[in-house]
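All chains are identified by letter, namely A, B, C, D and E, in their written order; residue positions are counted from 1 within each chain.
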Amino acid sequence: ASKSLKIAVISDFSGPYRDIGGPTSVACVHQALADFGAKDKGYDVTVLQGDHQESPAVGTALAQRFYDQGVDLVIDVPNSAIGIAIEGVAHDKNRAYINTNSASSEITGKFCNAQTVHWTYDTYMLSHSTGGAMVKGGGKKWFFITADYAFGHLLHDQTAAVVKQMGGQEMGNVNFPFPQTTDFSSFLIQAQSSGADVLGLASAGKDTVNLVKQAHQFGINKTMKIAGLLVFINDVHGMGLDIAQGLTLTESFYWNMNDRTRAFMARVKPRTPNNYPSMGQAGCYSGVLHFMKAVEAMNNMADVKNGAAVVAQMKKMPTDDDAYGKASIREDGRFMCNAYLFRVKTPAESKGPWDYYDLLATTPADQAFMPMAAEGCPLIKT
Amino acid sequence: MLEVSGLNAWYDESHVLHGMSFEVREGECVTLLGRNGAGKSTTLKSIMGLIQKRTGSVRFRGAELIAARPDIVGRAGIAFCPEDRGIFAGLSVAENLMLPPVVAPGGMSVADIHVLFPNLAERAKSPGTKLSGGEQQMLAIARILRTGAKLLLLDEPTEGLAPVIVQQIGQMIIEIKRRGFTVLLVEQNFRFASKLADRHYLVEHGQVVDMIPNHELPARAEGLHRRLGI
Amino acid sequence: MMMILGKPAPLLFGQLLLGIINGSFYAMLSLGLAIIFGLLNVINFAHGALFMVGAFVTWGLLHYLGIGFWPALIVAPVMVGAFGLLIERTLIRFTYKLDILYGLLLTFGLALVLEGIFTNAFGSSGVSYDGPNILSGTLNLGFMYLPVYRAFVVFAAIVICFGVWFTIEKTSLGALLRAATENPALVQSFGVNVPRLISLTFAGGVALAGLAGVLAAPLYSVNPGMGTSLINTVFAVVVIGGMGSIGGAILTGFGLGIIQGFTEVFYPAASSVVVFAVMAVVLLARPAGLFGRVA
Amino acid sequence: MFGFTRAQAIGFVVMLVVLIIAPFIAYPIFVMQVMCFALFAMGANLLMGYTGLLSLGQAAYFGMGGYIAGYSVQTLHLTPEVGILLGGLVGGAIGVVFGWLSIRRQTIYFAMVTLALAQLVEFFAVQDTSFTGGENGIQNIHRGRLFGALPLGHDLQMYWLVLAVFLIGFIFVHRVIHSPFGQVVKAIRENENRAISLGYKVEQYKWIIFILAAVLAGVAGAMKALVMGIATLSDVSNSTSGIVVLMVLVGGIGTVYGPLIGAAIIIAMQYYLAGFSDWVTVIQGVIFIACVLAFRRGIIGELGAKLKLSL
Amino acid sequence: MSEYILQARGLSKGFRGFMAVQDVDLSVEKDSIHALIGPNGAGKTTCFNLLSKFLAPSSGSISFEGEDITSLSPAAVARRGMVRSFQISAVFGHMTALENVRIALARARGGNFDFWRGERVLTQYNDRAHELLYDVGLSDSVDVPAAELSYGRKRALEIATTLALDPRLMLLDEPTAGMTESDVARIVALIRQIRGGRTILMVEHNLSVVSGLSDRITVLARGRVLAEGDYESVSANEAVVTAYLGSDHADA
C-alpha cells in the first residue's frame, strides 16, 4: 500500500506576512518533496494550506482541525503569538510541528515541548548576530525603535543586553503602537537627537519598511547605521535598493551564498518566480526534507502519528540540504544553523534580480542560539 | 394644462389610487377634497413621479409624464409643496429658500417673498427645522414661488397655521393665480378652499367621484357635506 | 538646552511640526470620508482601500507609463474618482434607502476585495516610490531637519481642505448637496438630477482619498494594507469633529495629529489609543462631536 | 411556549435536532465555536436589532470574558462553570459602566463611544501582560472538570455543556424580546420621545439591554476560551466587534435565528475558506457585498420575508 | 375658590440669543380646559416643551399640583400625571394601534423592567385598549401598524395613547391639525367626554375648537403673553385680532 502523509502549511496568505510565508512556503514544501523523491519512494503526500489571517483564534482552530483530519506535520506559521498557540495544539494532539517563521525564542524556552522543532531563526539569534557584530564593528551607541508587543520587546531586550554586554550603550528606546503606526517620523527624530550612532529597529514587515523609508527621508541613513533586527529579503525587495542600501541585517539563508544555495534557487524558482525564498521559506524546504528523511528512517507509518517519536527521530539524525547545508537539531527542538550578518548592496553593486546582500560576518550555530541551560525548556533536566 | 386619466398607484403591495381622472386648465385653481386617506396626497406625489409604482396617464401641456423621473417633472414646470413640508434641517432658512433652481422666468423675487412672509426674513440665518410649524409651512410655499414653475401642487398648505396666516395664504393664492400660475390644491379646510377654487374634485377611495364647479357649491353643499362627513 | 516637562524643547517643537504634518493626512482623508458620510450617509469603509489604490495607481503610472509625480497628482485622483463613480453606480447606490449599516457592510466587503486583489497582484511587502526630485532634500529649521516633501504635503493639504470646505459650506452647489442628503426625492422634484449629483459627490470624495494616496506614496511604504491602518484613526477624526461637519473634520485632523505627536514623546505606547481616548472624552462631553449639529 | 410563533417553534425543533446530531457529522469544535459566536451575536442583536443601538465595542466584553475564564481556570484553578459564570459577570460589570457612559449618545455617536471604550480595554489587554499574556494571550487553557467532577477534555463532552448554555441563552433572549419589557424597548426604538412622554425612563431600558448584551458576550467569550483553549488579543480587538455585527447582519438583523445562521456562515468562512488561502479576503469581501445586494434583510430575514413568517 | 393644577412663573427660553419664550406666567385651573393660541412661531410648542420638561427653561419655575417640578426629568413629569402629545405625530410605527395603546396602559401599571416575563401579561390590557380605540374612532384599525394609518388617524391614535395613561393634566399640541371636519367633531366630543376630573391644556389653531371647548385662553405672541381671558374677551381684544385672528375671523 502507498504510504500516505499529510503536511499542512499554516501561514499568512492574505495579510502583511504573505511574502515571507504564504505561497512561497508552499512552493518550498513541494520542492522538498520533489527533491526527496517522495513519489518514487512510495509516499503519497498531500500538502494542505491554511490562512491564519493573523488571528491566533483562527490559527489554533486551523491547527486543531488539520491535526484532527490526520495531518502529520504543520509547518511555517509566521507571527509568534500564533506560532506559540499552535505549539500547544501540537502537544495536545501529539503531532509533529516545525515552526520556521516565528521569531520568539520562547518556542524552545518556556513553551518548549517534544513535538516542536524551531527552524531558521529566533530573537536571540537575531539580536546576537546583528547586535554583537555591529558593536564589534564600532557601532557602540544604540537607539531602538520597538514595536510595542511581545516580539518587539523580546527583540529589543535581547539586543540591548548584547549591546551592553559587548561594551556598547543604549541611548534610548521608544515603543510604537503595533500595528496601527504608519508614520514614524516622530520616533525617528527622537532617535536623531539622541546622539546614537546605530538605529536598531526591533520591528518586522511593513513597519520596518516604513521605518527605513522614512529614515531615508530624514537623512538619518547618512548620520546613523540602521540595523534591521528582523528583515527578510522580501522586505528589501519591497523597499527597493535605493532606500534599503546600507541596511544591516541577519538571515540564516540567502539564495546567492554558494553553489548549493544557488542550485536550490534554480530548482525552486519555477514554483515561485516573483518572490525569492527568504530564510523562513527556505526553512520550510529544509524542514520538510528532514522530516521526510526521519519518516523514511522510522519505516513505520503508525509511529508517524506519534509526534514526539517523529521529532525524536529528527533530532537523532543530522540534517543536510542545499539551502542550509549540514546542521543538526538540538534536544530542545532548536535547529542549529549559522547566522549571517548581511549588508544591503547599493543599486550599482547589485548584479541581477534579487542580488541584494553582501556577507559581513558569520556567527556559528553554537554561538548563535541561546544555550539550553538558559532557556528554561521543560524538556531539559538541569 | 394638466390632464390626469386612469391614474393608478401602489405603495409596495397596497393599491391606493384606482384610476384617478381629472384635469386642470391654465390659470385655474382646482382642489381635491376628500376624507383622510382618500388618496389626495398620493395623487400629487404620483404626478410628481415620487411614487415608484404607477400606471395611467399624466399629461402636462401635452407631454406625457407618467414614466418621467421627478426631476424631469420639476423641470417641465410643476412644483410641489409636500404635506410634511420638507424643510431641510441642514440648511438655513435662506438656503432653503434659495435651494430650488429657477426653472422658468416669472417667479417671485426674494423681496416679494419677504413682504409676504416677514418671519422668514427675520429668521433667515437659523436652521430650517428650528422654525415653528407654521413658519416652516410658509417657507415651504415661499420656496417654490421663486422657481417660476407654472403649476403649483400644494398639499394642505394651511394645516397648522394661524388664522391670519391662512388669510394671507388665501390672498397669496389669489395673487399668484392673477399672475398666471395654476394651482392644484389639496385641502381639508373646506371654507378656505371655497374662497379660492374654481372647481372641486371629490376624491373617495382613490377615485374621483364627483366634480363641482365653485358656483354650484352652495346648491350642492348638503350632499357634499354628507360625503365628506362634515 | 531648554527643557519643557523634562523633554528638550527642540524635540517638542519638532513633534509639533510632525503632528501638523500627520494631521494634514488625517484632515485630507477625513475630508473625503466626511463628505461621503455627511452627504450620502454612507460610512465608507473602503476609504482606506481607495487611498491605497491611489498610491498604487501613482506607482503604476510611473512604472508602466512613465508618468511622474506632478502629472500623477492630477491623473491618479481622476482615475480613482472614475473608479469611485463606477462602484457608486454598480454597488453603493443600492444602499441609500437602507439602514446606514448596509452601506458599511458593503464598503467593508469592497475594502476586503480591493485589498485582496492588490495583495495577490503585488504581494504584501508592497512597492517603492520616490518623490519628485525638486522636493527631495531637507530644510534645516534649527530644531530639526524637515524634509521638503513634508512641508509640501502640509501646504497641499491646507489648500485642498480650504477649497473643499468652501465649496460645501459656502456655495449653492454645497447647499444642494446638503439638501439632497436629507430628502433626495424632494430635491429631485425641484428639477435637480439627484442621482447624478450623488454619484459625482461620491466620486469626488473618493478622488480625495486617491489624492491623499498620491501624496502618501513617496512617504510611506506603498502596500495593500496601508489604508487599513489609517482608517480607524480617520474615522475617529470624522466623529470627533462631528459627523458631516467638513470644517470639524479638518480642524480635528490637525488637532489630533498634534496630540498624537506629543503622546509619541511622553507615552509612545499610547499614541494610537490616545485618539480613542480623546474620542471617548469628547463624545461624553459633547453628544454630537466638537462641531456637529445636534440632531 | 416562551412566546414562539408557530414557525419559530418549528424552527426551534429543527435547530435542536440539527445541533444534537451535528457533532457526529460535522467537526465538533467548529459547531461549538458557532454556538459561542451565536450567543455573542444574539446579545449584539438585542442591541442592534431590537433596540436600534449599534455597538462597535462588543469585543470588550467577549474578550474580557475569555480572559477571566482562562485566568480563573488556569491560574486560580477554578472549575469551568465558575469560569463561564465569572466571564458573564465581568462582561456584565464592564457593561454596567460602559453602558452608563454611552447610553445617552445617539446613533453613530453611540457606536463610536462604544468603539472608543473597547479600544481602551484592548489597550489594557496589550499593556497588562501579567493578566492577559499580551498578544500571546492565555494559551493552553485546560477545560478541567465540570463541577469538579465531569471531565470536559474530550470535545464531545464539552459539546453538551456548550449546547446547554447556548440553549439557555437562546431561550432567555427570546423571552426578553417577548416580555413586556421587550415591548417597551421596541417602542423606544420606534419613537424615543413619545416613549419618554408616556413616562418611560428610556435610558434605564437601554441600559438594561446593554448590560444583558454584555453578559451574553462575556459568557460567550468565556465559553469560547474553554472550547479553543486560548484567550487572545484578537478576541478583544475591534475586528471581533466588527465580526459580530457582520454575523447579525448576514444572518438577519432583528430575527430570532439570524444570529445563529450568521455565526455559522462567518465561522464557516473562516474555517473553510482558509484553504483558499490567497483569495480568502476577496471571497469574504464578495460574500459581504452579495449579502447587501441580494439579501439585505440577511439570510433569515429574506427567508422570513419570502415565507411571510417572522423567524 | 378654584385651585391651580399647573403654574409657571417667569418662564423664558432662548435659542442662541433668540428668545422664543420670554417671561411667561401661566396658571391652569384644575378641571378646566385651557387653550394656548397665538401666531406661528409665538412659542407655543416651546412652552409645551418647557412645561413637559423636554426643554430646560433658561429661567423661571414650574409647579404641578403644588410641587415644584422645574428640575424633574420628562419621564418623571409624565409619571406624575402630566402627559403631552406632539405637534408632529408621534406613534410607534411598526406596532399596531392596539400595541401602541397597550404600551401606555402598561406604563400606568408600574415598573416594567420584567424582562423575564411572558408577553401574555399584556393581554390583560386588551379590553381597555379596545375601548379607547373605539372612543377615538379607530375600532376598525386595531391591528393595523401605526405607520400605515393616514395622518388624521395617527393623531387620533396619539390621543388614545395619551388617554390611556389616565393623566390628570393633558397637554395636547394641535390635536385636530390635519383632520377632516368630521374627525375634528369627534375629537371635540371626545375631549368633552374625557374632561371629567381632568385638566387639559391645548394648543390649537382651529378656532371653532378653541371657542367651543376652552374655558380660558392665553394668547402668546413673540414669546410673550399678549392677552388672557375667555373666548369672548380675547377675540374682542384689538391686539389679538391683528396679531392672530385676522380681520375676517368672525366667519371662520
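Methods note: contacts are C-beta pairs under 8 Å (C-beta built on N, C-alpha and C of every residue); 3 or more make two chains touch, one makes a residue touch a chain.
By chain, with names taken from UniProt: B = Amino acid/amide ABC transporter ATP-binding protein 2, HAAT family; C = Amino acid/amide ABC transporter membrane protein 1, HAAT family; D = Amino acid/amide ABC transporter membrane protein 2, HAAT family; E = Amino acid/amide ABC transporter ATP-binding protein 1, HAAT family.
Nothing here was measured: the structure is a model prediction, and the numbers come from that model.
K.L.:
To reach chain D from chain A by way of touching chains, what is the minimum number of steps?
P.N.:
The fewest touching-chain steps linking chain A to chain D number 1.
K.L.:
Using only Cα atoms to place each chain's centre, name the chain farthest from chain D.
P.N.:
So the chain farthest away from chain D turns out to be B.
K.L.:
What is the distance in Å between the mean C-alpha positions of chain C and chain D?
P.N.:
Comparing mean C-alpha positions, chain D is 32 Å from chain C.
K.L.:
Roughly how far is chain C from chain E, centre to centre by C-alpha average, rounded to an integer in Å?
P.N.:
48
K.L.:
Would you mind pulling out the distance in Å between where the CA atoms of chain D average out and where those of chain E do?
P.N.:
43
K.L.:
For chain A and chain B, let me know how many angstrom lie between their CA-based centres, rounded off.
P.N.:
Using C-alpha averages as centres, the distance is 75 Å.
K.L.:
What positions in chain C touch 2 or more of the other chains?
P.N.:
As it turns out, chain C has residues touching two or more other chains at 116, 119, 232, 269-270, 273.
K.L.:
If you look at chain A, which of its residues touch at least two other chains?
P.N.:
14, 22, 148
K.L.:
Using the touch rule from the top of the page, what pairs of chains touch, sorted by label?
P.N.:
In this structure, the chains touch in these pairs: A-C, A-D, B-C, B-E, C-D, D-E.
K.L.:
What residues of chain C sit close enough to touch chain D in their complex?
P.N.:
43, 91, 94-95, 98-102, 105-106, 108-117, 119-120, 232, 235-236, 239, 243, 269-270, 273, 276-277, 279-280, 283-284, 287-289, 292, 295
K.L.:
Residues of chain A touching chain C in their complex?
P.N.:
So the residues of chain A touching chain C come out as 12, 14-19, 22, 148, 174-177, 179-183, 185-187, 189-190, 192-193, 205-206, 209-210, 213-214, 217-219, 234-235, 237-240, 242-243, 274-275.
K.L.:
Which positions of chain C touch chain B when the two form their complex?
P.N.:
172, 175-176, 178-179, 181-183, 185-194, 244, 293
K.L.:
Can you name the residues of chain D that touch chain E in the complex?
P.N.:
Listed in rising order, the residues of chain D that touch chain E are 2-3, 175-176, 178-184, 186-187, 190-191, 193-202, 204-205, 208, 212.
K.L.:
Any idea which chain D residues touch chain A in the complex?
P.N.:
That would be residues 27, 29-30, 33, 126, 129, 134-137, 139-140, 228-230, 232-235, 239, 270-271, 273-281 of chain D.
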